[in-house]
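Below, chain A partners chain B and then partners chain C, in two separate complexes.
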Partner chain A sequence: MRVKLFAAYALAALVLMAAAVLTAPHASYSRQDREAPFAAASRKHPAGTDALGRDRLARVAAALLLSLTGAAVASAATTAAAAGIGALAAFGKAHVGWTAMLICDVFLALPWLFLLMMVRSALPLTTSPASSAAITFLVLAALGWPACAQAVYRGARNLRNSEWMFHARAGGLRSAQMMRSVIPNLIPLLLPQFLVSIPAFVIAEANLGALGLGIGEPLPSWGGMLLELDNSATLFDTRWVYFPVALLITVLLLLEAAAGEA
Partner chain B sequence: MRPAVAAVKWLARTLAIVFLVLAGSTILVRCAPGYLSDAREMDSRYADAARAELSAEAARSGSMLHMLSSEVSGWTHGNAGISRQYGIPVFELIRPRLAVTGGLLLRSLGLAWVLALSAALLSSAGRNPSMLWQIPATVLLAIPTAAMATLCLLGDRGGPVFVMALLLAARDFKFLHRALRKAWLDPHLLQARAQGMRMYRLLVAHVLPATSPQISALASLSIVTALSALVPVEVIFNIPGLGQLAWNAAMNRDLPVLLAVTMMMAVAVTLAGMASDHPPGWRSA
Partner chain C sequence: MSHAPLLRVNLKAGYSGRLVLRDIHFELEHGEVLGLVGGSGAGKSTLVLSLLGLLPWRGGRVTGEVLLEGDNLLAHSERKLRTVRGRRIALIPQSPMSALNPAISLQSHFNEAWRAHERHAGSALASRVHELLAEVQLPSDAEFLRRRPGQISVGQAQRVLIALALLHRPALIIADEPTSALDPVTQSQIIGLLRQLNRIHRTALFYVSHDLISVLQISDRIAVLDDGTIVENLPVSRIGEARHEATLSLLSTLPVPPDVLLNFRGRAALEAQPAALH
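On to the complex of A and B.
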C-alpha cells in the first residue's frame, strides 16, 4: 500500500513538473534555435538543445504528458471495450460467448507489433503529427482489449454462477437490473487492468517511435527521442543530456508499474 | 465428450483461428486509410500519366475480394505473393531469413528460461522472498526493448541474444515466481518441509508437476513476447532476419511482405498456443 501511494504521489509530481515546464514563459517544444544546435545546458535551455536547436527539457516534458495522456485514454478505451465484451460474453447466450472468445483468441494470435507496423505503414503519407499520435494510441487500444476481455469474462462467469446471482434470477430480476449490481463487482478486476495497460502502452509507443513508426515530428515522443541515439557520435558528445532523460523514463515506467502492481 | 470428437473440435477451432487471422489482417490493411496511396505517386520523376496509371492500378487491385484471393493463391502457390518493393516472390525474401530469426529466437528463449527458472526457483523457495529479486525484473521490464538494445550496442556489452533473453527472463520470472511461490505454500508441502523432506525431491515430485500447466502456458506466452521484441532487436543490431524484413517493408510500404511476415508470426503464435493447450480429450484420456 505504501509503495502504491508513493508511486501515485511521485507520478503526480512528475506530471505537475512537466506541466510547469511547458507553461513557463517562452517554453516551446517545437521552436528551433538555429544558432544553438546541440547546445550544452544553460539558463535558457536547462537540458540543452537537440540537433534542430529545440529545447530538450520542453520536449521531454511534452513527451511525458503526451505519452501518459495518450496511454491513459487508450487504456480507458481498452478497459471499457473489454468490460463490455467480457460481460456480454459471460451473461449473453452460449453462442455469443463462444464467438466473443473466438474473436479474442484471433486477436491474441496476432503479433501486435507487426499489426501496429502494418497499420501505421498503411497510413496516408500526408498524415498530420496530431493524427499520427491519435492513430497510434487508437491502434494500441484496438489491439489491447482481448487479454483484458478474457480476464473480465472469467470474472463475470464467476459472478454469474455466484449464489446471490441465482437468488436474483430466481427472484425475477431482469438482466438490466442485475447488470447494475454486476458492474460495481467487476471494478476490482477492471481497475488493475486499466493501470497495467498504461505502462504497456507507453512502452509500445516508445518501441514504435524508435522504429520510426510512432508519433510524427514535430510532436515529441520518447520513441522519437530514442531515434536520436542512432548517431553514436552525438550520443557520446551529449551523453550528459541522455542519462537524465533515460533515468526519467525508467523512473516514470517504474512508478507506473508499481502503481499498477500494488 | 469422446476424446476424438473433442480433438476434432479443437483442431477445427485452431484452423478457424488461422483463417480468421489471415482474413482479419487483410481487412485491417485494406481499411487503413492510406493503403491505396503509393510513394511513387509523389515522385516528380514520374509523368502525370504514369502516376495516374499507378493510382488506377492500386484501385483495381484494392478490392477486398481481390486482396483475399491473391493472398490465398499466393500462399497456395508457395510464394506468398509478390513484393511491391523488389518485384520478386515474397517467399524468396523470407526463406533465407527464417534460419537467422529461428536461431535467434531459440537461443534467446533457451537462455531466458534458464535465467528465469533458476531465479524463480531460488526466490520462491526462500522463507522471506526478497524485493532484491523483484526489483531487477521490474527495471528490465520498464526499459523499452529498443532503448535496451541501443544501450547494449553503444556500450559494446551484450548482443541481440542477451537483450532478448533479459527481456524474456524478466517477464517469465514474474509469472514463474508467483506460480512456484503459490505451490510452495500449499499446506501439504509446508508439512513435508517441516518434516525435513529434501527440497529437491519436493521440487521434482510435487512443485514442478503441480505448476506444469502454468509453465506450459507461459512458454507459449514467451514466444509471443519474443516475436514482439524481435523487430527492434533485429533492426538495431542489423540482423538480417524476419523482424528487419518486416520493418524494412513497413518503412517502404511493401504491404505484401509485411502481410506475409505477420501471417507467419500469427501462425507461429497459434502453433505455440496449440502446443501448450492440448485438446480437452487428451486431458481426460
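On to the complex of A and C.
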C-alpha cells in the first residue's frame, strides 16, 4: 500500500516536472539550434541536443506527456469497449457470448506486431504528425480490448449466476435494471484493467517508434529517440544521453505498474 | 368470502430428462401459512424456482399448472411473468448476505425494486419504505439507508429482504429457508416477525425449510416433500396423525414431542413481540 502511494506520487511528480520543463520560457521540443547539433550538456541545453540541434530535455519531457496521455486515452477506450462487449456477451443469449469469445480468441491469436506494421505502413507519407500519433494509439486500443473483454465476460458471467442477481430477477426487475445493477460490481475488475493497459501501451508505442512506425517527426516519442541508436557511431559518441531515456522508460513503467497494482 | 384458493399447484419439473418433482399437488388459501419440509435433494429449491417461473434460468423444465387466483402462471410469457414476480408473488431468499447487491446502497435496492413495477418514485416510495422498515424493526433514517449490504448484520439483511418482499403488497410470499443462515436467536426473531406480519397483512406465506422445528413454529398447515412428491399435507395441530414414514422419521428427530413445541409456540409468540426489537 505504501509502495503504491509512493509510486503514484512519484509518477505525478514526474508528470509535473515534464510540464514545468515544457512551460519554461524558450522551451520547445522542435526548435532546431543549428549552431549546436549533438551538443553535450550545457546551461542552455541541460541534456544536450540531438542530431538536428533540438533540446533533448524538452523532447524527453514532451515524449513523456504525449505517450502517457495517448496511452491513458487508448486504455480508457479499450477498457470501455471491453466492458461493453464482455457484459453483452455475458448477459446475451448463449450463442452471442460464444461468438464474442471466439472473436476475442481470433484477435488474441493475431500477430499484432505485423498487423501494426501493416496498418502503419498503409498510411500515406503525408500523414500529419498529430494524426500519426492519434492513429498509433487508436490501433493499439483496437488491438488491446480482447484480453480485457474476456476478463469482463468471466466476471459478468459469475455475477449473472450470483444469488443477488437471482433475487433481483425474482423481484421482477427489468432487463435494463439488471444490466445497470451489474456495472458498479464490475468496477473492481475494470479499474486494474485500465491501469495495466497504460504501461503496456507506453511500451508498445516505444517499440513501434524504435522501428520507425510510431509517432511521426517532429513530434517526439521515446521510441523515435531510441531509433537514432541504430547508427552505432552515434551510439558510441552519445551513450550518456540515451542511457537516461532508457532509464526513464524503465522507471515510468515500474511506477505505473506499482501504482496500478490492485 | 371466495372459495377459490389463492394458489393451486399441479406440476412436474426436472432438468434435462431427470425428473426432480414427479407429482406436486397442493393448494394454499388466502392468508395461510403453509410449511414445506423436506430433506436435502428432495426438490425444495426446484419447487420454489418452478412457482416463480424461474426454473428455465437454471436449465430446468416445468409442466403442469401454477394457478394464482385462477391465473395459470406457467402459460405466461417471460415478459408477463416479470410483472407477477415481486408484485403478486415475492421471494425471501435463503442467504441474506449474498442476496443483496454488494455495490449499491439499501436505498437503491428499494428504488430498483419499486421501479420494477411502478412508474413514479418520489414521496410514495419514501413513505412506503419508512413504513416497511418500521414493520421489520429496522431504523429508517437516511444514514442507515445509505449503507451497503456489507455494512449491516446478517439479521438486518434478512429484515431488509423481508421489507423488500412486502414492498408491493404481494398476495403470496415464498420464503426459501429464510433462517438457515442465521444464528438461533436471530432465527427465532425472524420467525416471530414473519408470523406477526402474516397476522397483520393476511399475506399468505409458503415457508420452505429442512428444519421441522421452525416449520412447526410458524405454519398453519404442514406439507412433507419426499422424493419429488408431497407425501403428507395436514394442519399442524393434527401432526400426530401423520402416517407416512418420511414424516415419521422427521418427527423422530425432534428433541421433544411435537405437541410440546406447539404448546410452546403459543407462549413464544406472545413473548417474542417486545423481545424482537433490537
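A few points about this structure:
Assume the second predicted complex is superposed on the first by the 261 of 262 C-alpha atoms of A that agree within 3 Å, B and C clash if a C-alpha of one lies under 4 Å from a C-alpha of the other, contacts with A are read in each partner's own complex, and residues count from 1 in each chain.
To be clear about the criterion, a residue touches a chain if its C-beta (ideal position, glycine included) is under 8 Å from a C-beta of that chain, and two chains touch if they have at least 3 such contacts.
What you see is a predicted model; the values in this text were computed from it and never measured.
On the shared subunit chain A, the superposed partners chain B and chain C are arranged side by side without overlap.
Taking the C-alpha centre of chain A as the apex, the lines running to the C-alpha centres of chain B and chain C meet at 90 degrees, rounded to a multiple of 10. In the superposed pair of complexes, A:P184 makes contact with chain C only, with no contact to chain B. In the superposition on chain A, A:G223 makes contact with chain B only, while chain C stays out of contact range.
Once chain A of one complex is fitted onto chain A of the other, the partner contacts of A:I203 are limited to chain B, with no touch recorded for chain C.
More residues of chain A are in touch with B than with the other of chain B and chain C.
In the superposition on chain A, A:M118 contacts chain B only, with no contact to chain C. When the shared chain is aligned, chain B comes close enough to touch A:L110, but chain C does not. Fitting both structures onto chain A leaves chain B and chain C with a minimum C-alpha separation of 13 Å. Judged by the document's definition of touching, no chain A residue lies at the interface with chain B and also at the interface with chain C.
Residue ranges on chain A touching chain B, taken from their complex, read 102, 105-106, 108-115, 117-125, 127, 199, 203, 206-207, 210-213, 222-223, 226, 229-230, 232, 235, 246, 249-250, 253-254, 257-258, 261. Remark: chain A residues 162-164, 166-174, 177, 181, 184-185, 187 touch chain C in the complex. Contact residues of chain C toward chain A in the complex are 52, 54, 57, 82-87, 90-91, 93-95, 98-104, 112-113, 115-117, 161, 164. Those residues of chain B that touch chain A in the complex are listed here as 13, 16-18, 20-21, 24-25, 28-29, 32-35, 37, 39, 42, 138-139, 141-147, 150-151, 154, 224, 227-228, 231-232, 235, 246-247, 249-251, 253, 255, 258-259, 261-262, 265-266, 269-270, 273.
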